[in-house]
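Okay, so chain A shows up in both of these, paired with chain B first and chain C after.
Showing the complex of A and B:
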């Protein structure tokens, strides 16, 4: 790579960063997300993981169904466990599953979309047929069926979300690759003897990477909400409880009838705020990647 | 005139035929997928039937033969397809009733709940989107846009939990769940009122959860239209603002909303799984949530097939409606 290309790339990165900084929604989303990432990473410092164990909670003499005034910051649940500890450790699982599932979704979607758009012809027709099928199959029931069959653990949940939510990314990227492919610089590179691998890596990918990033950021909320719903329906991993799992336990154990709002409000609020943060960041990135959107918003 | 109509109608019927064939192919894919999922991935159906309990080997062998599990995969697949078209989805592990009967008895509750919510959210969401776009960057726009985004970003069942605790548990204005009062013998108008009383909170939850999508799509679609010259002309003619909006701008902005509505109707049957569970609403969603707990695999398999078939059918309907509304589709 020549230093000229390096310079240009650095300039682009600087421009994107500057545009992002000047967007109010982008900055708000990013700051809020940062807070939650810090909470998730610092979980061992903020909350004692042993508190998640009902035996430990009982032995340490926690009261049952204590409201926030009576015990700690957020009260306790039916098993005397601190809700604050569940919130902190749940943020870890929810964020991790959300991000990991998104990486899988975007990887599958990008590979299918780029191959389909770049190669064209029969492979394109074949891949698009499959994409259409996956688009038509209702997403949540498919995820439920897969998760029921595969069993309840974090990796299966990630896998299930990944294999069910890639089609829209694939379509979007295919369309973008089709337009990039027509551009003159691709023809120029090809006539200078560039192979397909070089074309994709050096000319196609850099031109769709903004779109991939924006799409990935907007896919995280879907991953997090799907994980929450699957966990709420009892398909979550019992050994690493997410925010969705907290909501399930609150619901199943009668927190609602008791009006134990401290048990189910924090987890739901956490999901809401994180999802909003990702949406704000994603919309900002989308506007930067596709300036036409800026005018209509 | 006849000559000019001929190719157009042929193009249209050709388009529709193509879509029907595509849908059938998708249905075949779903059937194969369903078979693979439940017969191959789940390698030991007998084992999952007894789930760890001690069963004599002879009994297991007997059951394997009875269920046809010793036959080749092709024979099993053919049997599966035949049974599916006879609406035979097996026996539910939980209720010991035929899966199809269980499903049929749950359909009306879901269609009522999600149907009402789908219509309300489409109407309210579209109106909200029109107001937001027409009054862009005013406080109305900001309130509608951020309000819908908030509802769009929360788990729908969590919204239901909050509404249930607030309005049913604390205030006691609405029942905490179900479709009718327990032990109620009401008929006629009293029964209808009782049902409305029960459906209010779940329907409100789903309406709030869905309307964001309509509002956002309508808003951006109308904003695209608002730059068009014919609106400037309409205003220059001296037409009132309301007329410009309702007669000239909105009809042209509604096409994406129509598509969204049609596609969402396909998801009507499967749309409310967690919300139905929260409100113990006895529909397909609650049946799904209950089947997961088993897991009641025959039930899940039947529900999944039904949900997929519904989406395929409504997608086809959306394509056909599109072909009538927008004649340009034929050329695509």
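Showing the complex of A and C:
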């Protein structure tokens, strides 16, 4: 039984991988993302973290507002810090917050969606009213209020994003669970004496896992953009050099007026490219999980 | 190509028509941009610099302040005589004074304001009126008596609100401060006509203002517009959508100076920025290390003020060693001897901490208390509404890292930060002050009475307290200066404030729209948002000299048309009023 199931799963994984490889957008998205992940992981090797300290930057004689030609690969900012160093270390924070917030979002969304769809009845009605409540509250004001109340550090930002962006995942999964639940094999398993836990773990979950994965991949760019938005509005963690914070600092300290494009362009493009990469991967996974999407294109 | 030609023709045609149509009711409008918002326009309740400016224009005061040196000059009162003991002043009001709604402005208004603001303890007026009592002699004569010798008299610069409007409203402190202050009845050159929070305050000329001396006000409306983004404000000035701006970023100074139609003013009026350290006098829980003077001294030595003046102010700010208590910097700030000054020296700071026993026993780069516990990590509050608080927070983290002290940055918006300060729930934070002309209020903030209120260093000192009471009643000017200098030296030595620099108010105005801007104090001061903001009464549209004394209106129409084309804004003149420009930014 176990080996059979494992064989089947291995086969499924192989098929998904094969389909993914044959998708041009998936491969491009994945390669681009890989580059950024490597940059983020290798940050200590690529850029001296001390360069983020403006006192160190001044002591080492960096010029202020130097353009890329004048100093390093990407110039310096108003506090004489290297923009390249901020970019490299910022990729860490942005990716970390994006992924962590997504895990939280998807966990909340999946649990609510599956329980709601599977159990039905009053619990379903109750959970769906809560979901709708979160759906109708404008997302950004809610995030801003939460961020202000909770205080500004990386974990709270993750919490804010997680708490505010799970409802669409929950609704999507509930719908999928409702269809899966009607299938004959669920009835068969039930008549053979399977309990709810077994049904969810062995039959429902495997059938919605593709959707969860695709949804998660699509939630990452949203999380990254939200972190950027909150940081840009001054609600980010003041001690973490995320890309959003770089954009905020550039904006507040007059980089636009002085045409210091090297200050905001790297972080802006970084966000754009990473978001695009995740979207490409997510789209590809979505098509694999739900072949109708692929055909209709 | 043809389409372009048509467009140009149309534009020319349109331009020819428009001024003619426009000129019939061409208004002269002065537009001023700022980055601060307004909480309330009630002079008994507000405290922001933006609010003081509106009151400076809306309310005339009993005595005014000279633009050059803040000396008391005639305001609503044309003259005053002291009694022999110097405790009582008898003021004579100008003849025929009226509020903007036409009601007579009499000695009764003055006396009611002094006595009511004292009894109800209106925040803005209290430090001036606390020992005063006003008595009406007749409609034009009011007698003001102080129970103790008061070096501030005969200066009487509180904003006088109209008794006939306020008396029913101001029944007690709470009902007074809850009032929105939007009755629109004033005595200054322009009065409030519209207020939209987060956007603008529109003021219209007050023909009853005494300072117009019967002439038609040269400006019809003054519009104060607030900008969330200072760069947008700078751009609006460059494009002529504004006539003047206040509080632009230092980084834009060079760009603005290069524009031949824009004059940049780096106005000094005693304003300064500082990093306050929580002294733990009553409330809150600062890190225990901060209660040790040696630790505070070490922190002061580790802060590189030069770097801030050079990198964030581009050299526009001046050095400062202790707090600046009054608008006249040269008069009130004492010389701190070089051997006592906290000149940037991280090595010395490290030495002080080593000697005092604060060592990094566990080798993590952060020192612990002498008993080896409780690593010294400071909670530095960052005001997200302040332009420089962010960069200063990052620099502070770096400075402290160099001497083995950790920093956790915590962001708050301005309102939230007030709460944190009152609760004493912080270790350090960056803040700015613009003091009044008289040093008394600023000095009073570090007395026991102000704990849990303005005393934002949460610090007191018995000797300082004694001297404070002495200077408050010292009538010999030189003796008073000496006392203040001694107080400020004590304040410096306690290392409870790290004064960063004397910061200028960065302002800029267009030279092609209005003229007559006046700096207060002379030569070094700002042209608006100053202590009594005399510019508003003196401004005239450029080229209106000839029209100034003709009241037939014809010239005005032409000039109005021209101005409408060249500029968007209008002008205005203001009266000199006196008032106080205090405050926290």
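In this text, the second predicted complex is superposed on the first by the 296 of 297 C-alpha atoms of A that agree within 3 Å, B and C clash if a C-alpha of one lies under 4 Å from a C-alpha of the other, contacts with A are read in each partner's own complex, and residues count from 1 in each chain.
Please note the rule applied: contacts are C-beta pairs under 8 Å (C-beta built on N, C-alpha and C of every residue); 3 or more make two chains touch, one makes a residue touch a chain.
Note that this is a predicted model, so its numbers are computed, not measured.
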Quiz item: Putting chain B and chain C onto chain A via the overlay, clash or fit?
Solution: clash
Exercise. Based on the superposed arrangement, let me know which partner A:19 touches: chain B (first), chain C (second), both, or neither?
Key: neither
Quiz item: On chain A, which partner touches more residues: chain B or chain C?
Solution: B
Self-check item: First (chain B), second (chain C), both or neither touched by A:148
Solution: both
Exercise. Based on the superposed arrangement, let me know which partner A:67 touches: chain B (first), chain C (second), both, or neither?
Key: neither
Quiz item: Counting only touches as set out at the top, which of chain B and chain C does A:256 meet: first, second, both, neither?
Solution: both
Quiz item: Thinking of the overlay built on chain A, is A:55 touched by chain B (first), by chain C (second), by both, or by neither?
Solution: second
Quiz item: Just chain B (first), just chain C (second), both, or neither: which does A:78 touch?
Solution: second
Practice problem: Considering only touches as defined above, state whether A:234 meets chain B (first), chain C (second), both or neither. | Solution: both
Quiz item: Given 74-82, 416-424, 524-532 or 542-550, which one is the stretch of chain C whose C-alpha atoms run into chain B?
Solution: 416-424
Exercise. Overlap the chain B and chain C contact sets on chain A and report the shared residues.
Key: 148, 234-235, 251, 256-257
Exercise. Could you pull out which chain B residues touch chain A in their complex?
Key: 22, 26, 29-30, 33, 37-38, 41-42, 149-150, 153-155, 157-158, 161-162, 164-165, 169-170, 176, 220, 223-224, 266-267, 270, 273-274, 277-278, 288-289, 292-293, 295, 297, 300-301, 303-304, 307-308, 310-312, 315
Quiz prompt | Residue ranges of chain C touching chain A (in the complex, touch as defined) | solution = 229-231, 234-235, 249, 251-252, 255, 304, 307, 311-312, 382, 384, 387, 390-391, 393-395, 397-399, 401-402, 408-411, 413, 416
Quiz prompt | chain A residues touching chain B - in the complex, by the definition given at the top | solution = 132-133, 136-138, 140-142, 144-146, 148-150, 221, 225, 228-229, 232-235, 244, 247, 250-251, 256-257, 259, 261, 264-265, 268, 271-272, 275-276, 279, 296-297
Quiz item: Okay, in this complex, where on chain A does chain C touch?
Solution: 53-56, 58, 64, 78-80, 148, 151-152, 234-235, 238-239, 249, 251-254, 256-258
